[in-house]
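Following are the structures in question.
Next come two complexes, and both contain chain A; in the first it sits with chain B, in the second with chain C.
Then we have the complex of A and B:
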């Protein structure tokens, strides 16, 4: 999870990723971030995030993203 | 069957009465019969296509679901026996098989759409490139094929992504594909969102009935009072481009924007209102697009379900494809995070907008239209830091007056791009738009020339009244539901408004000889 938060913080150093739960809803991360993030997460955690996984519920918080990555690691 | 016809009004009335008279558990079945009757009006040729598309995605959905159900059963039955690696392998195998069924179904339904819609376009282009003389066979476009194909593709993809479970009752899936209000021009619905109210039982609710009826009436008002009146003027300006240059092009941009808006949103109001009368909630497709301050916002407010469809089923799949992921990593390592991360998004955006253009029609003007929209959005995106600095430096840029200027600017930019749809000829469109900058005929705006374009003074008054009502309603909608606002008013006022709307449609509606209302513009897509 720390590694994931670090990756997010590189994109937006001013955001509290441990507590923010509306990254998509509030427009904090955009399409550029999502696409870069997917490439980084796939590489770093050896997962394969599909287009079907790109929904606000999975990207609204670092916790939700981490749960997605953990689920995909088990697949 | 056109929404703007006596037969549709009669059809809706009969279906509505039966819907609440018959046992509730048969309601969805009645909607299916109604939808098939509605569609059968388009003829057997069209009917066959919708049946084939529904059958293909139904079968694919079941086959995909079977893979996942078998996977889950196998893993849960052998939880203790299988190692994590073995479980992963089973999941991967199920996914691979599901992918095959998805790919086959998409290839079939999109293949049908491609052959029907693009054969003559491809042949014409081949002929002009290699100088051949192949006959550009033109298929008749089955009614609503672009819309129900997209809806069906979305369903198959959602089952594959496990966002929704496959529907095992073929008749229920057929209803989803063919639900009559949204069949001809959208909105493009998702199975997971629509099926809840589409397939459930509904008891008669007076408020819901009134709201649905009001929405249908509102759609008729926009279409008949504004759109079908303006079409006469717009056609005059398009049919003789040599005569109508310069200032006339500005008029065309302005009036075509209003015509298309009232035509398309009017049709969508009728669709959503008709569905609401049956208790079915269909996704909204517009959110006051002409109040947008930039192109990206405009596209979040205009034809919302199409934009969302392209985002979910084209933009993200292309973005996360292995090829694009490689481009993403490479571009970021080569150009740095700031520039590198833009490249895959912009490349994908170009693909999406070219696809959006070609979806609207098999012609280069639509492709150019899509790419110009893409260009404006990318330029706005790149200008964002400069805009930010500008807003920080100049306080007046944060006032409502400046917001209004941005709204006007966006209206005209989108309007000038939109005229590609009018002339349907790229070089001609550019010539016509260029003529605005060298125009010397601005006096036609004031010297009565406007009255030589097929509309009388009374027609312009009717259009102006229609526009005032539309703008007023839109302003109220920005704050909340207009129908809720109306529902809170005294009965006399409520009924007066509805009767006034009805009277306006009857008295101010632009009816041709024998009530031959114009086809909705989006029906042809």
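Then we have the complex of A and C:
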């Protein structure tokens, strides 16, 4: 989870990713972020995030993202 | 036909109650667009605005489009300003433009008040002004087809954006030939992706009023979520899209077609950048009955100048041609010697025709550099546009795009002068010198700089000053930048060192 937050923080050093749960709703991360994030997560955590997983619910908070990555790692 | 408003006026008689423009929250019929536009036009005329730029700074919406036509009814020309443009850039645009009047909505009003320095009114006020039929008729009588319709701003290498002015005649020429080539009609339902502040949206807005078609403005956030995006296309029965290749690649690249396919889509046009062939194949596989058309053209020639409708299979290493120019547009490939390039050899694309725009607004120097006398014609004045793009003709007689001649790049479908990013960095406190390169293989903008400021701080600073799509992906602070023997920044060395896709 820390590694994930670190990756997010590189994109937006000013955001508190531990507590923010409206990354999509408030437009904090946008499509540019999501594209690079998916590529980086796939590489860093050796998962394969599929189109069906790329929905707003999974990207709204670092916690939700982490749950997605963990689920994919266990599959 | 001499005025683009004639499209709207003919269509509103035929299908007044049909939806012309909509997004996920509001819709306007042709009759509503027509009435609002005439009210706005009447307001501007009665307020004393005439033959001058009027800024339209609104959230992307059907109302913003109605405001464009409203400005045209007054004989003025519209200048769209994107809600997402950073304040610093809006200010640069307004410095060039010096408008006397701006139309805003409730959301943009506060942003505008800080930077505009001109009269501002709300759309909701100006669109409720009483239509003044005789004033509108008077303006129409004196408007010529060589008068400007709009000014759109693109990136400029000095850091000052360039405002490109285009007239009625150019837009009519473009819309007629584009509509023929892509077979638009009354049943066309466009799914718009492009921001309204770029010429790219002409492809949807003007055929919509010409044919009585419909344009659905797709919410921007859906371009992050490919499956939701396809659900949206299906919900609104969108059958025609003209998107930048990166938006198309996003959908196919993330595997969205494995989950869902567009049901109504039959016409797909792409352009503004090279479409990776692997992604193109996925689209073709998902939509075997759709037509695919590659488009090429600079804003300075109104929109698109060349097209190629895909009619054969391509190898993974083969580029999709840009084909041939639209009717009434001419393409010349000029070699280093100023003469036509030899068969198969790359030359710079020069564009001739009615679609060549009027030039850069309030910028005679840069206009003179790009809008030049036809190098092959010394008999009479003939202005052509020198694109700075290289292309060659293949053995089938099709034009094939090669690359930019200079540092201007295409990224996420947008035109970016790397020099502009450098200029903004160089203007930041604590930066000594900055150099920006583009890693073509990974499609990443890389910035190297020297100076006292730390990289995260500089990145924050850039966010304030540059549009999102121009932000460097990687920023490296160096002790000093490498220079070549003749004292220039060694861009090639920087590119070789940092553009290997290794991340920070």
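Just a few scattered comments:
Just so it is clear, the second predicted complex is superposed on the first by the 75 of 75 C-alpha atoms of A that agree within 3 Å, B and C clash if a C-alpha of one lies under 4 Å from a C-alpha of the other, contacts with A are read in each partner's own complex, and residues count from 1 in each chain.
One rule holds for everything that comes next: a residue touches a chain if its C-beta (ideal position, glycine included) is under 8 Å from a C-beta of that chain, and two chains touch if they have at least 3 such contacts.
Predicted model, so just to flag it, every value in this text is computed and none were measured.
Once the two complexes are laid over each other on the shared chain, residue contacts for A:14 go to chain C alone; chain B is not touched. Shared-chain residue A:27: touches chain C; no touch with chain B. When both complexes are overlaid on chain A, the residue A:42 reaches chain B alone and has no touch with chain C.
In the superposed model, A:75 lies in contact with chain B only, and not with chain C. Once chain A of one complex is fitted onto chain A of the other, the partner contacts of A:56 are limited to chain C, with no touch recorded for chain B. According to the touch criterion, the shared surface of chain A, contacted by chain B in one complex and chain C in the other, consists of residues 10, 31-32, 34-36, 38, 49-52, 54-55. For chain A in complex with chain C, the residues that touch the partner chain are 10, 13-14, 24, 27, 30-32, 34-36, 38, 40, 49-52, 54-56, 59. Note for the complex: chain B touches chain A at residues 84, 87-88, 91-92, 157-158, 160-163, 312-313, 315-317, 319-320, 324-325, 328-329, 332, 337, 341-342, 344-345, 348. Every residue of chain A that touches chain B in the complex is listed here, in rising order: 10, 31-36, 38-39, 42-43, 49-55, 74-75. Across the complex, chain A is touched by residues 220-221, 223-228, 250, 254-259, 412, 456, 459-460, 468-469, 471, 473, 503-504 of chain C.
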